[in-house]
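Each of the next two complexes has subunit A plus one more chain, namely subunit B in the first and subunit C in the second.
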Partner chain A sequence: MKIREVAFKKLIYGSIGASAVFLFALLLSFTVFAGRILDTSLTRGMENLRERLGADIAVVPRGSENSYQGIILSGEPVECSMDRRLEDELRAMDGVEEVTPVIYLASLNASCCSVPIQIIGYDPETDFVTSPWISEDYSLRLGNGDLIAGANIALDGNNTLTFFGRTYDVRARLNRTGTGMDKSVYVTFDVMELMLADAREKGIEFGDGSDEGITDRYVSAFLIRVKEGSDAEVIAGRISRNSLVSVVQSKNMLSSVTDGIGVISKMLTVITWIMVIIVTLVTAILSVFRVNTRRKEWAVLRMMGASEGWILRLILLENIIMSGAGAILGIILASLAVFPFSKMIADAIAFPYYGPGAVQIIIVSLFSILITVLSGAIPGIVAGAKAGKTDCYVLMRDGEN
Partner chain B sequence: MSIESVNITKEYVRRGKTFRAVDEVSISVPKGKITVVTGNSGSGKSTLLNILAGMIVPEGGTVRIDDTELLSLKSRERDKLRGKKIGIVPQVQSLIGGLTVRENIDLQKSFSGIAGNDGEEKLADYIKDLEIEDLLDVFPSSLSGGEMKRAAVVRAISGGHEYIFADEPTGELDPENASRIMDAFRKQADEGRGILLITHDSLVEERADILYRMEKGHLLN
Partner chain C sequence: MKNKILAAITAVLGLLAAIGPRTLFPVCSAAEMKMKCYYAANAEVAVGIIAAIVGIAIILIDKNKIRITLSAVQAILGLVIILIPTAIIGVCGSPMMHCVSTTKPALIVIGALDITVSVILALLIARDISIEKKTR
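The block that comes next holds the complex of A and B.
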């Protein structure tokens, strides 16, 4: 009879102690897996944000800096406008390489619009932020009447979207980035001009509310790329002297996001290691308890000819089986908790969130199983060594004569 | 060939007082014979059995199993030698819970290095003699005291050991079952094995080839 058969049979007819080892392993595996998946998703979301940001400085109407960050990080629909004449002034500043205007328009939660989302208009003539990755990743340039939809935008059956009563063809759908871009649609200024006119009819005022050529006079923000070797901070400081605008430096925004993600990441790591310590200690206590309650069994096994090593291996195997089973179930439950609700989690934490790929999920699963099995195996070794030393005299004392 | 002990002494401390459970005992357990040790409770019989099986190390004396000096071996080597040479039926219920009677027997066979169906025919005879055929796939928790004892005897025999030690093998058994067990031991002795029985039972004493009595740690012929 092989030792693994004995271990399985002992567990099938096992004790409360064995079930508790299983439950704690499940808890640990759930925590480690869910924690690592969240951490990985935040890190990937951050990487996507860094890749897509493009500009060094964003100039927005005074007081709109938080709205701008909301658009970029979580796609919160906002709209704001300012005078476009500032563009020439910015372009003429020392150290400025490129300037491009953008318009942010929030669609309505009404029958005229398919979805209430952020519409981002860009100027194809000067754009250096949106067009490059659209053409690079999707090999297309947007024409009049076209738009590109973010990954989280729900389309109707005809692959169209309706905004302010007008229907547009969706030329492409962006890959998921885990940032606010997933909840936005992209249009050129020509299309934005149409939309602003339609929006005005629905009571939404942009700029001075005039009809013709409004995108020539008003925009929501200017995105600036500074020259190589120039200090974005100095340029931002100079722009800030204008009392009508606020300046958001990408570096600072990334750094605040990185800090936020860093805090969450640290919390997840601390929770994981606290769980590892707690579960290892509890498993150690349970293992010692199980070993003590089975002293007669060890004595019988020694009497039958089992070596200390055989008994140690039996207990180790029992712990590994229970921890391993708990780890696998923990991963399954954590997957059911994390993956179907990733959108909800992303909305709740308001940070870029991009779920891991299959390879990363496999790596995180293996890591969770390893940590969980080790937390069961190490106490098993200690308890097994103690059990192996059980004196057969235990049997005699039970029935001494 | 036999198990021989010379002047073995084992002391215990109980409530701060040292007493000798086994006091300079010399005994021989030859192969082909049933050796029986009787005595009152606390006389040191079980301690003697445990010393001869290498499960307790005495303070003094020697124990030789065939050609091997038992007490000169390390703990692991003693375990190995015992597993190979001696099958034991302890006084208490000793079947491993969670394993059926058959699995208990298989486990003993694997500890004794008996592969597959080796010795199955003889084992089948003992299973029949001790009437446990219907109990082979039953878990110990469903067995009566007498059934457990009979199953434990078969398990000990299944190891094909050269010696069988049993502590109160007929305890909790009715005369008919006790007689069956003694028949099994006799058959084992006739096959050349050395049998050592510790008992209170007069039936066991009657079937002894060599009878010893223990009193307060001393062995009397």
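The block that comes next holds the complex of A and C.
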């Protein structure tokens, strides 16, 4: 009989306490896999955020700093307005390379609107933030009266969306980013003008509430790119002397996200390593215990001609089979917890969250299996060596007592 | 004993599928208008209760041939639990709705677990049947 057949038969038919080792391996593999997937998803979300942030500085109405961060990070619907005359002043500042205005408008949770979401209006003449990655995704520019929808926006039946009683065609849908951009709709200022007029009829005030050319006079924020070599901090300081506006620096926003994700990542790593240590210790104790309770078995095997190495390999193989099976089941269970609930997790964490691709999932799975099997194999070697070294004659004498 | 524990698990999963969409992982509120997820939750009540009854029947019935048939039925019910929010009725369109982010994945997980446990149960009962035949 081959050694692997002996090991399998012992595990399937023998009552050798294998289930405890299996359960601990399952627990470890679940923790490692789920932890690594969460960590990877947060890191990828942050990379997407960094790539698509575009501007160095955002100038928003005084008191709207948190609202702006909410739009970027989680797509929370916000609307605010400020005088557009500031644009020329910003353009004239030393160190400022580009300035583009944007308008934020929140749609309503009512029958006039398909979904309550954030509508972002951008000026195609000056834009340097939104257009590059829209055309990167689709190689096209928005036509008049068309919308570009984020990945998480549900469209009406015939690829349209209705806002404030007017229906718009959705020209394209953006790739998923895991940031607030997925929950937003993008329109040019021409379309935004129509929307603001319709919104006014529904009681939403923007700017001074006048009709024609409102986007020429009022906007929600200015996005600024600074010249290379210029200090964004200094420019931000100069802008914030204006008592009507607040300044949000992308660098600071990114660093607050990085810090938050860093804390979560560190916590996940600590939990993983604590689990590795606990499971390895418990498996070692269980393995030694099992070896001691099977002393007669070793004696019989030794008398039948089994060498020390054969017994060591048998115990090692038993542990590898148990921890390997536990690792695979742990990954399956962790997948059931992590992947279907990814949107819920993303909402709960409130950080950019973008799930890993197939290759990364395979790498994480292999890593989890390796860690789990090692945590079973190392105690297996220790226990196997102990079993192999026990003397056959003493064991048989032991049995007579 | 092992088989009875597994059968009890399938009964609990059926019960979860029945009451979960109204309590633990609720669908969207139907205060303003009834959406797809509302009807999906209603359908899950019916399927979940049947799954719970089938699970209890597997515990109570002794004849292995009937138990293995019921296990197969339970696996099919697990599949239906998954198909109601994904294909047969569906849930709300927007990925931002609670029924999409919570109820649907919860029902998929419950259905998948129900199928897995039912298949393991069927295999164990099949093993018992083959042992019975050998000992005769």
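Here, the second predicted complex is superposed on the first by the 393 of 401 C-alpha atoms of A that agree within 3 Å, B and C clash if a C-alpha of one lies under 4 Å from a C-alpha of the other, contacts with A are read in each partner's own complex, and residues count from 1 in each chain.
Just so we're on the same page, a contact is a pair of C-beta atoms (placed from the backbone, for glycine too) under 8 Å apart; a residue touches a chain by one contact, two chains touch by 3 or more.
Computed from a prediction, not measured in an experiment: that's the story for all the values here.
Enquirer: Given the touch rule stated above, what does A:301 touch, subunit B (first), subunit C (second), both, or neither?
Expert: first
Enquirer: After superposition on the shared chain, which partner residues are touched by A:183: those of subunit B (first), subunit C (second), both, or neither?
Expert: After superposition on chain A, A:183 lies in contact with subunit C alone.
Enquirer: Of the two partner chains, subunit B (first) and subunit C (second), which one does A:344 touch, if any: first, second, both, or neither?
Expert: A:344: touches subunit C, not subunit B.
Enquirer: Of the two partner chains, subunit B (first) and subunit C (second), which one does A:336 touch, if any: first, second, both, or neither?
Expert: In the superposition, A:336 touches subunit C alone.
Enquirer: Is A:273 in contact with subunit B, with subunit C, with both, or with neither (first, second, both, neither)?
Expert: After superposition on chain A, A:273 lies in contact with neither partner.
Enquirer: Please indicate which partner A:152 is in contact with in the superposed arrangement: first for subunit B, second for subunit C, both, or neither.
Expert: After superposing on A, A:152 lies in contact with subunit C but is clear of subunit B.
Enquirer: Within the complex, which stretch of subunit A touches subunit B?
Expert: Checking each residue of subunit A against subunit B gives 1-2, 5-6, 9-10, 12-14, 296-297, 300-308, 391-393, 395-396, 398-401.
Enquirer: Would you pull the subunit C residues touching subunit A in the complex into a rising list?
Expert: 92-96, 100-102, 104-106, 108-109, 112-113
Enquirer: Touching residues of subunit B toward subunit A in the complex: what are they?
Expert: Per the stated touch rule, the residues are 40-43, 45-47, 49-50, 53, 55-56, 75-76, 79-80, 82-84, 88, 90-92, 94, 96-99, 103, 106-112, 139, 155, 159, 167-168, 198, 200.
Enquirer: Give every residue of subunit A touching subunit C within the complex, in rising order.
Expert: 115, 117, 151-155, 183, 336-337, 340-341, 343-344, 347
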